[in-house]
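Two complexes, one shared chain (chain A), two partners (chain B, chain C).
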Partner chain A sequence: MGKYLLRRILQMIPVVLGTTLLVYALVFALPGDPVKAMFGDKPVNQAVAAQIRAEYNLDKPFIIQYLLFLKNALTLNFGNTFAGQPVIDEIGRAFPVTIKLGLMAFVFEALFGVAFGIVSGLKKGKWYDSVILIVSLLLISVPTFVTGFLGQYFIGVKWRILPVTAGNDPGFIDLLMPAMVLGSASMAYVIRLTRSEVSSNIAEDYVRTARAKGMSNRSVIVRHVLRNSMIPVVTYLGQDLGGLMGGAMISETIFNIHGIGFLTYQSILKGESNMVVSIVTLLTLIFVVCNLVVDMLYAALDPRIRYA
Partner chain B sequence: MKKKSLALLAISCSMAMLLGACGSSSSGGNSSAANDHTITAYLTEPNNPLVPGDTNETGGGKPIQLAFSGLIYFDAKGNSKNEVAQSITPNADASQYTIKLKPGWKFSDGSAVTAKTFTRAWSYVANVKNAQKCSSFFSTIKGYDDLQNKDRVKGDEQLSGLKVIDDQTFSVDMAKPDSTFLLRIGLPSFSPLPDAFYKDKKAFGEKPIGNGPYKVDKWDHNHSIKMVKNPYYKGGQTPQNNGITFKIYTTPDSAFADVQSGNLDVMDTIPDSAQKTFQKDSSVKPFNKPGSTIQMIDIPSYVEHFKTGTQEGTLRRRAISMAIDRKAIVDKVLGGLGKPARDFTSPLTPGFNANLKGVENIEYNPKKAKELWNQAEAISHDPNPFTISYNSDGGTKAVFDAIVNSVNNAIGSKVAQTTPIPTNQEFLKPIYDHTMTGAYRAGWAPDYPSAENYLFQNFASAAADGNGSNNEQYKNPKFDQFIDQAYTAKSVDAANKLYSQAQEILLEDLPGIPLYNKANVGVCSSKVKGYQMDWKSQPVYNELKK
Partner chain C sequence: MSEMNSNNEKSDKLFEMQREQGPILEVKDLKVDFTTGNNHAVHAVRDASFNVYPGQWVAIVGESGSGKSTSAMAVLGLLPGTGHVVGGSIKLEGEEISHYTRKQYEQILGDKMGLVPQDPMSNLNPVWRIGTQVEEALKANHMDISHEKRSKLAQALAGGGVAVKSEDDETFIGSKELPELLKAAQAALNEAGVTGDGAKNKMDYFTKEWVPGSETRWRVADDLIKAGVSDDKAWQIAKQYVTGSTMTDRIAGLLEEAGLPDAATRARQYPHEFSGGMLQRALIAIGLACRPDLLIADEPTSALDVTVQKKILDHLHTLTDELGTAVLFITHDLGLAAERAQHIVVMYKGQVVESGPSLDVLQHPQHPYTKRLVAAAPSLASQRIISAKEHGENADALMEHHAKGEETLEKSEHIITVSHLTKEFKLPRKKEMFKAVDDVSFSVKRGTTLAIVGESGSGKSTVANMVLKLLKPTSGTVTYEGKDISEFEGKSLLDFRRHVQPVFQNPYGSLDPMYSIYRSIEEPLRIHKIGDKKSREQRVRELLDLVKMPQSVMQRYPNELSGGQRQRIAVARAMALNPDVIVCDEAVSALDVLVQDQVLQLLNDLQAERGLSYLFITHDLAVVRQIADEVVVMQKGKLVEHATTDEVFEHPQKQYTKDLLDAIPGGHLQLGLD
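And then the complex of A and B:
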């Protein structure tokens, strides 16, 4: 077990190095000149532009820029933004908000997704199964920005049930609507996944055997059907947690949340390679860790899976 | 057993994180009710530290405008009024200015505003070593060129044209006559800086010390900039409220929703989604008056078949211009929030004349347009369509589609087409490199209220070749001559007459094709009184009341 963990952790190093190089190259390849863009539509003072370029190493060839970034990153210095703010500070401000938002969306998605999925999987064909199916289909097909704007207008502006925007140092109530909007599409997937797993497992031979041996309905469902149905669901949820962190951009912009998604978007527009690479590296780490946790959970769910 | 405990650990860890996330929740929402006479206003996160000479965008520009006072300020209509200056006296040909300061002005840290705080700050911004983005505003002062060679300056050299006479007086020698200097000094980059700035620039950028009507209390990055009244302020822009708290937003849409629900007091822009409805919305007070920005399409002088000064090029330029139904575009696409352009400036610009000679060249006349185009085709056939590029991240697609439709309806299908470019940076590159093959989106928002600012920067030969915003490389000595004459004009009126004459040349040549002046639009919540927007399309913050 320990060896397996160590091996997985060591695997992270090439993954992270590869990602940083790739992302750095992609930002570098973006057309346009970030320094000229700083002057907006106003005249560019070439001498000042050259001065700024030298300050941010933008006058050096790509590979030198990348190596300089790596060298500094090893000493935990991720450089400054064009606004003169340390990259690490910006991420430090944005990340806690996104973690809150992502985890709230995750809980929402996992709780309601699994619960509704089980209900409709066990009672296939009942009216509430049809309702759940239709609603989940709706949530999958309507894009987040539509649910977001509709929720904001009706629940926030019209009926005044929840705050319209999250704003400064958002708390649980402020983030409730954004989290539901963010998690809604994934929740619908979880419902459908759980439903199909439960309904197919319930028809398996081992369930019939268990019932024939006189097990109570409750323990058949909880100990056999659910446990087996959860493996693909847990896989999906684990992948999705990383996705929620990185993909929160749309709900962040709608609800005025200055989180990682919005920061990434703005940094790409400004061509701030240090910032983009740092964020992506962080997200990569989250993905890798989430995957590791998922693999560990498999072992708990399925006794046949062992790691050595 | 081992496996199970690990799974439990993983689950309990994630539970702990969740509880932590939920536990820190606060009531949130309506926090604006507590301090009644503080106004909350819309802002985007500043792109730069809050230093006047390094700020060239509105996110940082608004707080800077409130935190610093220069020699003069502009009132809402754009008239200049003395602020720190007692008197500004030019010599006969506007090549030297003597400036006297009012006594007793202080920065918010209590230190005195002296002649030296001005000259030292101006030299700092002009010095290339300090990489200040507004440095080129100082280019007409004597000694500017010496400070532009980065290998020869250290950063603390002074502009040779600035001389401190005594604590309250200094003189400015210009490199050449410049009557616009009288207005240029109203730019925030010409503000004085206290000694504290040079001691710790980093701290200053976070919490500047100025001499304006307000001072920065706290800049909470990505959330808010809190500004309170500056007790030392003694100028003409007395605050009518207790302070301004700028709230920083990701998008105008989210800010607009906050105004609708009473969580935000004023905003000076309207999201696209609300442009058709905001004037009928009963939950907000709308503002809609003519504005000072001009939108154009520029056709570089070097584009084949469109070269300025050639008969074919002029015919084609006029044909395209007359084929554009500006009124229909303003009414249908912009929802009426604008006015068809009548010149190369705006109706708010001093000296504006809606009926200059040649204005018919920018009026809709589809029949004439077709005629002129056919004449041009007879001179030389252009096999390629006329393209108009724009950046598609700016939300202007509808306008350019409408322009192309209008041109194609008037002259003939397939004459024009749009070329959307995904990002602004990519869009700007061929413009700066002078490798465009057609027209492109252009526009100008004035830095100070004068026609000179529009005309010189966009069309003068001295602003071409990367030295200004004349990216279309238009060079016409006749035009330059009028602008140069205006620099030595004895009065503002005399200068404005010369600017009108210069514009008549532009209306002949059409180096750019003026489209429309966007309206100044904004909203405030129903509790706010005294909302108005100035010549620069910004709210007059100090006059807001609740």
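And then the complex of A and C:
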């Protein structure tokens, strides 16, 4: 187990290096000159521009720029934005907001997804099973920006239940609707996964054996149906948590939340390669760690899985 | 008093008791329906009636789909899917239970009725430890884990005779007190003047017998008294040191009783770490954990090797006898049923067609279906051959296959020769290699059948795979028509594949579910580029005729066919290229007796018509008797015996072969020849 863990952690190094290089190259290849963009409508002062280029290493070849970024990143110096702010400070401001939003969406998705999935799977064919199935199909097929706008219009504007946008430093109430919108598609997946797992597990032979022991219906369901159904569901949820942390770009833009997704979007527009690459590195790390945790959880939940 | 007498006395008493108490289970005119998608009712069981008396073994026999398992599940209230009881009555200890709700069933399941299910692999939850799953049964019925519960039958039988035992005398040994108990026993033996080897033997016996969570106080006292310790001293020791077991002890005790060695450690393992036989033992422990008066055993050993099957059934028999548990035993093998049960109920298409004492049913079957079952049961067939020979009659008529005499075998040329074949596998985390096949040599003669027999793990399938060139031998050679098959490649390999064809064990897995039957049979022709589209279709029709399947199945898919039909398709596919050799790897093991019989007959006819040679891999010696000319017995990768079929059956040389022969169900039945 220890050896396996070490191997997995070492595997993270090439993954992180590869993604940063790729993203750096993509940002570098973007059309437009970030320095020119900084001057806006004003005429470009060549001397100042050259100075800025030198300061941000923009005058050097691509690969040198990348290596310089890496060298600095190793000492946790991620450089400054063009406006002179340290990148790390900007991320430090935006990230807690995204974490809050992601966790809220995650709780929403896990709680309701599993609950509806169980109800649906145990009572297959009943009318509420059909309703749950249709709603989940709708949520999967409708894109986030549509659910987002619909939510804003009805819940925010028409009925005035929840705030329409979140803005700076949002609280729990401000983030409620964005979190639900963000988690809705995943919740629908969780419902369907749970439902199919529960309804196939309940027909297993060992469930019958458990009933033949004289166990109560409740403990048969909990110990033999739900316990086994949760293995793939937990695995899916774990992987999705990584996605929620980085995949909030659309929701954050719609609801004007100044989180990581919003920041990434702005930075790409401005060609802030340092910022974009730093964020992506962070997200990659989160994703890889989430995957590792999922694999560990999988082994903990299913005794047949052993890593060596 | 001789043992014979006491046995008679016991069984007399048993009968008297059974008459007095009436049946423990009384099923009368039971009707079970399944509702299909369009509200159409399928009658799975129609007017079935049978009784089970306390302490009795009753077998329900029939092919799959006969309603035997459905009847059993109806009794347990565990009918699958849309199944429900629509008529008749089920009485347990005189109480009508067919209308019980799930809650009411929860009350009687486990402690009044237990289940030992069919497939050990799928009947234990893979995520819980074995011990936990035993514990669930004990907890669900609030079992007293420190005292033995005696069945009604045992109580009634004990009645006046045996000294009445109080509740306390049924206290289990605990693992904590065991060392002290043994020490005290040693001291008591010394005191009683038992020394030297005698004392050592006694102590060994105690150590072996006194299983925590299974042996009780009065047995300890009894053992001590028998060993020569005075009554008072024995009871004093038993009372002082036998003070009840913990949950862990009881679980281990139950598993130990079911025949699982080293049970305390085993209880902490997960199902995937167990073999099929061990899993079945765990399921027996679960079924009997709450000491039910009725145990329903649904084909408890059908998925297991014959030798393991025998061990487990022997064990179950002793155990249920000791506990006084009645058993409703579901099986498709009439021989097995007759050997184990006192009473047989034969079911066919949802109805009970015959019922009576085992030997009566076997020797004088009345219903045509029962007659067919008796004729088809391989165990009984080989039994008939043996007894005909013993009576000096001509047994040829009884054999489907006319074994070639030794002379013919000597003369015929060798089509496949295996010499010094060895296969080693690397085991994970182990340095030394595992020898799956160890220096095996034999040859298959043209137009004859050679059977390889052995338990699972004996390496017989590995040999088959090497003969088929699906696996590379570590050393040794296989030659086909005098040529080393390891040198075949490209065109010559294709040619070899054309002439040597396999039929595998699982007809469900060996046909591609996405291919129509036509495509499955036509595929080898297409691969070997034989004929055009039209002639290939013609050939497929011929092949279907050959295996006696209607041509209308061509457009159907494997899931629409039964196991036996699929196996015929597999045979047709193997025959498509006109091979010389067919390697049958457990080709009939998964099939019902009647279907098994049909497929064996088909193989025999094909051999007679086309002079095919078979390499027949099986664990079932009874089948071998019917089909093989020569037998190779394998054990742990080694060839232990090689002779003609008659030789092996009449004069087995090795103990292992004798054990295998002994394990054929029904082998000890006295069959009348009529």
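Assume the second predicted complex is superposed on the first by the 297 of 308 C-alpha atoms of A that agree within 3 Å, B and C clash if a C-alpha of one lies under 4 Å from a C-alpha of the other, contacts with A are read in each partner's own complex, and residues count from 1 in each chain.
The rule is short, and it goes like this: a residue touches a chain if its C-beta (ideal position, glycine included) is under 8 Å from a C-beta of that chain, and two chains touch if they have at least 3 such contacts.
Owing to the predicted nature of the structure, the values given are computational and were not obtained by experimental measurement.
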item: Combined model on chain A: chain C and chain B, fit or clash; value: fit
item: Which of chain B and chain C A:Ala203 touches, first, second, both or neither; value: second
item: Touched partner set for A:His224, first chain B, second chain C, both or neither; value: second
item: Per-residue touch tally on chain A - higher for chain B or for chain C; value: B
item: Touched partner set for A:Asp302, first chain B, second chain C, both or neither; value: second
item: Which superposed partner A:Ala212 touches (first chain B, second chain C, both, neither); value: second
item: Touching partner for A:Val48 - first (chain B), second (chain C), both, neither; value: first
item: Vertex chain A angle, Cα centres of chain C and chain B, expressed to the nearest 10 degrees; value: 160
item: Nearest Cα pair across chain B and chain C, whole Å; value: 12
item: Of chain A, residues touching chain B in the complex; value: 1, 30-34, 36-48, 50-52, 55, 82-85, 89-90, 93-94, 99-100, 103-104, 107, 149, 152-153, 156-157, 160, 163-174, 252-258, 262, 269, 271, 293, 296-297, 299-300, 306
item: Touching residues (chain side chain C, partner chain A) in the complex; value: 76, 78, 80-81, 102-103, 106-111, 113-115, 117, 119, 122-129, 136-137, 140-141, 270, 272, 283, 286-287, 289-290, 428-429
item: Touch list for chain B against partner chain A, complex; value: 2-4, 6-7, 10, 14, 17-18, 21-22, 24-29, 31, 45-49, 56-57, 128-129, 131-133, 135-136, 148-150, 202, 205, 220-224, 247-251, 253-255, 257-258, 260-261, 263, 273, 283, 393, 423-429, 432, 442-445, 447, 457, 463, 466-469
item: Residues on chain A engaged by chain C in the complex (per definition of touch); value: 203-206, 208-217, 219, 223-224, 227-228, 231, 301-304, 308
